[in-house]
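So, here come the structures, one by one.
In what comes next, subunit A is part of two complexes: it sits with subunit B in the first one and with subunit C in the second one.
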Partner chain A sequence: MSSVAAPPEATVAGSEPPARAASPGRPVARFLRRRLAAGLGTLLVASVLIFLATNALPGDVAQVVLGKSATPASVSQLRTDLGLDEPLVERYGTWLAGAVQGDLGQSAVRRAQGVPDAPISEIIGTPLRNSFVLALITMALLVPLSLLLGTLAAVRAGRATDYGVSYGALVLGALPEFVLGTFLILIFFSQLDLLPPVALVPPGASPLANPDALVLPVLTLLGVSLAFCARQVRAGVIQALRQDYVMMARLGGLRERRVLWRYALRNALGPTVQTFALSILYLFGGIIVVESLFAYPGIGQLLVQAVSTRDVTLVQGITLVLAAIYIAVNIVADLIVVLLVPKLRTGLR
Partner chain B sequence: MTVGMLGNGSSETLNPVLTLTSVDFMRTTALFDLLWATGPDVASVVPKLAASADPSPDAKKWTIHLREDVLWHDGSPLTADDLVWTLKAWGDPRSTANGSVAPVIDFSGVRKRGPLSVEVPLKLSVGEFPTLVSVFGFGIIKNGSTPAQLATRPIGTGPYKFKSFTAGRQSVFVANDDYWDGRPPIDTLIVDSTFTDDTARVNALLAGNVQVAPRTPYLLARQNASSSQARVMKATAPNAYMFSLRVDQPPFDDVRVRKAIKLIADRPALIDGALAGYGVPGNDLLGQDAKYFASDLSREQDIEQARSLLKAAGREGMSVTLQTSNAAAGLLEAGTLFAQQAKAAGVNVKVQKLESSVYYTDAGGWMTRTFGENLNGMAYPSLTSAYLSQLWTDAPYNDGHWGSRPGQGDRPLFDAIGALEEARAQELWNEVQQKQFEEGPYLIWGNADFVDMVAPDVTGLRPSAAGPLNNYDFSKAGLSA
Partner chain C sequence: MSAVGSTRGLLTPTAPTPAKRRRRFLASGEGIAGLAILLFVVAVALIGPLVAPHALDAPIGPPGAPPGDGAPLGTDVLGRDVLSRVLYGGLSVLRLSVATIALTYLIGGTIGMLAGLSRSHLDPLLMRTVDIFLSLPSLLLILLLIAGAGQSEVVLIVAIVLVLFPGAARIVRTATLEISTAGYIEAAVGRGERTVAIMRREVLPNIAPAILADLGVRFSSAIVLAASVNFLGLGASPPAANWGLMIAENRPIITTNLWSVLVPAAFLALLTISVNMIGDAYVRSLGRSDRR
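Up next, the complex of A and B:
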């Protein structure tokens, strides 16, 4: 009986000596170091791509920024102001060196407007915080909801509950954000007049000061991402339920609830955490549409405006920050997976 | 009162010398005053900071006299020095004003002629000089103002005083108790430019978050026309949608081909298709509604004549590429519709869509394209202003390259611009416009309405042909109790 009661990692790890699995400290630290190094490398490559891509855009930056009213004199003045006369490699070096110290440079458009000092890091601070607030609230609801619904659907696989959850999620997930958002506005504002259709936040105010306004944006993001996450949880749990250790646990007489939460779900969490990580990344991308729809002053709105006003340096800065967030989220997700799923931890060494 | 507008992020500015977009114009009009404003009928100017102006007999020198009772927001009085300083700012090539007045004003000769009088010498005779400075980009700034100060703590003479501003987010202005034209009825004017989506803007209006949504897209205005939460205000306006034909390159270097293209357009169909019906047909002439405009000329679709003109020019069944973009609403739709209409005359128009971000850059072919599309967006307050911008050899926006061939000389145009006497001016302008109508580089198919939406309790705002909400004139804006 002792082999049945043992934690699943011992079963899966097979020939590994149990002592190894019990002291995971060093391999995890080494894993983290390796992952961080790879992350920094990726960020460096991303920075080169971002810099090259924004510079490869058609049209000289100064001319693009000044637009229809550009005159040769104003273009050359702005080129000098922004240091565009320097060679590309030197400009990249200056930009990267600044970015490492948290200085993302100056907004090209603000400088063109005669503002003497327009640091990008200051411009993106508040919108970034606002987007984080929206993403965190959504995640705080998304994680428990998708675990609950996904597990429920897995346990009742092939029955009405499963179909209800799976198809309901599929329909919601198939809708683009702007359709779902518009639909929610139609119901909760136009028809019922319960919730505001926009989430305006005055400068200096906290987005949490007016929680009513956040309901529809969060529901929209939730509706679109819940489908994907719940289905991943369902698939993971179903697969885990078919494993030998689950059968052994059941044969051993453990209660089904314990089997489910302690054995099946925990091992199903590996791919699920990655799914949540993908959702966070999606939230930072899909949030652009939702922020626009609800006029919420986040990083997505700022990016849209920066692109439409061709503020090239601001676009560079925002994109680099988003890339860094993507990479950081990935590292954290990998780390959580390793800590959660014992069989990975033992395989690290 | 809160005004909801599409934002331009970090490019938004409170500096009236650098305004380029609607949201900047809205804000700078609240903080600053012009010398004159374009009148609601477009055919006249309304004095603001200027009390009067006297031209020399040859109209080559204008003396501007300022109002006596005007105070800056810091309490100091308006003087001639302020106007001299402002003119200096317009002389900077980076200013919005510079493009249109650099060929006209002799900046080096500007002189103070009294405590409230300034003499402005011109490089050419201009009979309607006040109209040239009655549009956005010409706000009057205080002596000594720097771009940095104007961008962060502006001091104007306008109906509202600066309180706070975050570019791409929100500005807060308060009523100017000492405004020379009377204190505005409301205490606070907020302009929220967080919006990047028009539907969100209209939703915010319906929900009461904003009270004014200027320049509403036509379809949204139509959908909400019967709402009890909003009122739609509409003005027929000289907001010109046009195709530009470059007159110095084949195939449009042949006047018969240009005329054929103009005869192909089914103008009412273009207005229905591209502007949802919110507009009136154009007659290929710039400066609709302005004084001396030839409103008696008109052109309708005539496929047969177009075919015979093309045949005579040896261009039967020709193929041309039309460059367009989403840079303004309706451009792409108009281009696509026109391509269909052209088939009836045997002309194959290939519509090439360019990214809106490059449409107005060298890389996008701005000012060099053979066949393109444009929207003027604002009323020209005079024919002088329209033609100086677009229709002479060295005009800054001469995308049709008019004046590049013998016979297109600028002489009758500059005689018309210099004429002070009305009958003489009318005669000369008729001549100029007749030539443009027959040979000019523009197919101006429609003039789009200005459509704005406001909350039902908003008072003191009015639609006008001069611009959205009479060029964002909020000096009398109020809210009924």
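Up next, the complex of A and C:
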């Protein structure tokens, strides 16, 4: 299904002007332009929200970071260091201008501890990569597994597999990640002694160097999202199996397997992609909790540490980067849906 | 994560009557089982502090001791009685989630009804403003606010409400919009009734099914978010007992006394699962099902 193929609706209906059929890629480009502009707008709104939440609320950052016993001189020194003496609007401008150029400012806590240069963009590099590895492995397992389970449940609607998936979704999807993760630790570490209960990564090492340690974090993230995705795939496939073209294909004597893969599953993919996009977005929250549970040195754990030490500038930097990724993922997911489902493409004027 | 979001078919005249809904709900094993589990967990949380054998912060033995005399579930990481702390630890979980969900619907419901009834630019203005809080992932926004305003129960409640109310406002707006052209609304407007009175007497009773269908999922999110923040150590401060916090505290002694982690985890699991079961059974009693 390439993006250059003309939307079938256009040819079938025959009412479309030939000019449009000749340049079918353009609605997608227009859609992408509009989505990118909206995404930038959202990011700008998010940046204001981030800045206000951490700056307009009561409490002086320098005082909080240094503690109650700090001398007024050291507090005012840190205030000057971090540029806290300037007016709010000006500080927002400086921060945003820096962020656009890849400079997220300095970590307040590390500066307070006497580190001469603590650029946030360097601090978050490795944790961001570690989290990316974790998310990527989870998605790489989630997509095929939920397609398989969901299709299986749809084909056997009303039988044991089906109830397993449906109730699995209800029970596992309802659990907080750390509760599910705790149960997994109790089973695989305390009882079976098979897997390590923590996923430590030594500084400088790759998280992939010790794959055993990644099993439980990935399993936890999968547990919460797999059942949900499988249930959505199941609904999509059941819907598709009811369509006339499936009956036509069956009446035409095609094998059931071919009917399922070529006709039903393919048409069930559209809503399914949106489900997977939702589960990537879910990972943004899930990873924060799972990384803390397994002491995995990712961006989520760094964020929690920054919040508990009230390293406000670091929190700002991490949140802005994650918000940008979050919005980008949303746009990419929308784009994939549009590319996969030609029907939607004709609707994009 | 749930696909609930549409109110279509809930508010039409063909929707099942309350009596029929109740019959369907009670006939489903899922609804009954969910209610029973929820009642049990709520009873433990409410009565627990009254019957706990030990104080919540008094050491009674060595840290991480397995179950034994005087401590049926052993001791925790600081040598305190796990059973007593489990009995104390439910109240704050309930208090947080009930407070957040009440505020969520108070704010989200008011905004949603105002937007749904308004035929002016108030509607898009309100909804765009609400959308601002959806520009960040939920947990991220909560942590951001805690970083800015400090760690306290009030901050946590406000933060969770900010995360949950946009969704509630949208559901209520859609439902209000659907009934806003009904005769009884037009009549009330024609009688010159005040907007607040129309919202309370005409709109609210008629969109109640849509709100209730949404309540289960949102309530369970409130519990999960509050428990997660407590687990991260950014909610209740020690020595307070809280099921989420207990799991984090007792992780180091999981090998010597697994009950100190297993029991609070099980209570949290029962709570969220039962709320979801009830919500699921209620939605299906309305005749709308995302399962079949």
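The rule is short, and it goes like this: the second predicted complex is superposed on the first by the 314 of 349 C-alpha atoms of A that agree within 3 Å, B and C clash if a C-alpha of one lies under 4 Å from a C-alpha of the other, contacts with A are read in each partner's own complex, and residues count from 1 in each chain.
FYI, a contact is a pair of C-beta atoms (placed from the backbone, for glycine too) under 8 Å apart; a residue touches a chain by one contact, two chains touch by 3 or more.
Only a predicted model underlies this, so the values are computations on that prediction, with no experimental measurement involved.
With subunit A as the common reference, the superposed partners subunit B and subunit C clash.
Of the two partner chains, both subunit B and subunit C are touched by A:182. By the touch criterion stated above, A:308 is placed in contact with subunit B and with subunit C alike. Legend: residue contacts after superposition of the two complexes on their common chain; A:267 is shown touching neither subunit B nor subunit C.
After overlaying the two complexes on the shared chain, residue contacts for A:200 are found with subunit B alone; subunit C is out of touch. Of the two partner chains, neither subunit B nor subunit C is touched by A:106.
Of the two partner chains, neither subunit B nor subunit C is touched by A:151. Contacts of A:292 after superposition on the shared chain: both subunit B and subunit C are touched.
Of the two partner chains placed around the shared chain by superposition, neither subunit B nor subunit C is touched by A:131. The superposed model built on chain A shows that, among 164-172, 308-316, 326-334 or 344-352, the segment of subunit B colliding with subunit C is 326-334.
Of the residues of subunit A, those at positions 57-59, 64, 182, 185, 189-190, 197, 292-293, 304, 306-308, 310-311 touch subunit B in one of the two structures and subunit C in the other.
Of all residues in subunit A, only 57-60, 63-65, 67-71, 73-74, 77, 107, 109-110, 112-116, 118, 123, 182, 185, 189-190, 196-198, 200-203, 292-297, 301-302, 304-311, 314 touch subunit B in the complex they form. Put simply, subunit A touches subunit C in their complex at residues 42-43, 45-46, 49-50, 53-59, 64, 166, 170-171, 173-179, 182-183, 185-186, 189-190, 197, 224-225, 228, 231-232, 235, 278-279, 281-282, 284-285, 288-289, 292-293, 303-304, 306-308, 310-312, 315, 319, 322-323, 326-327.
Across the complex, subunit B meets subunit A through its residues 4, 7-11, 13, 15, 18, 20, 93-94, 96, 98-99, 146-148, 150-152, 164, 166-170, 192, 194-197, 199-201, 203-204, 206-207, 209, 355, 357-358, 360-364, 366, 396.
By the touch rule above, subunit C contacts subunit A in their complex via residues 1-3, 132-133, 135-141, 143-151, 220, 223-224, 227-228, 231-234, 244, 247-248, 251, 254-255, 258, 261-262, 265, 268-269, 272-273, 275-277, 280, 290-291.
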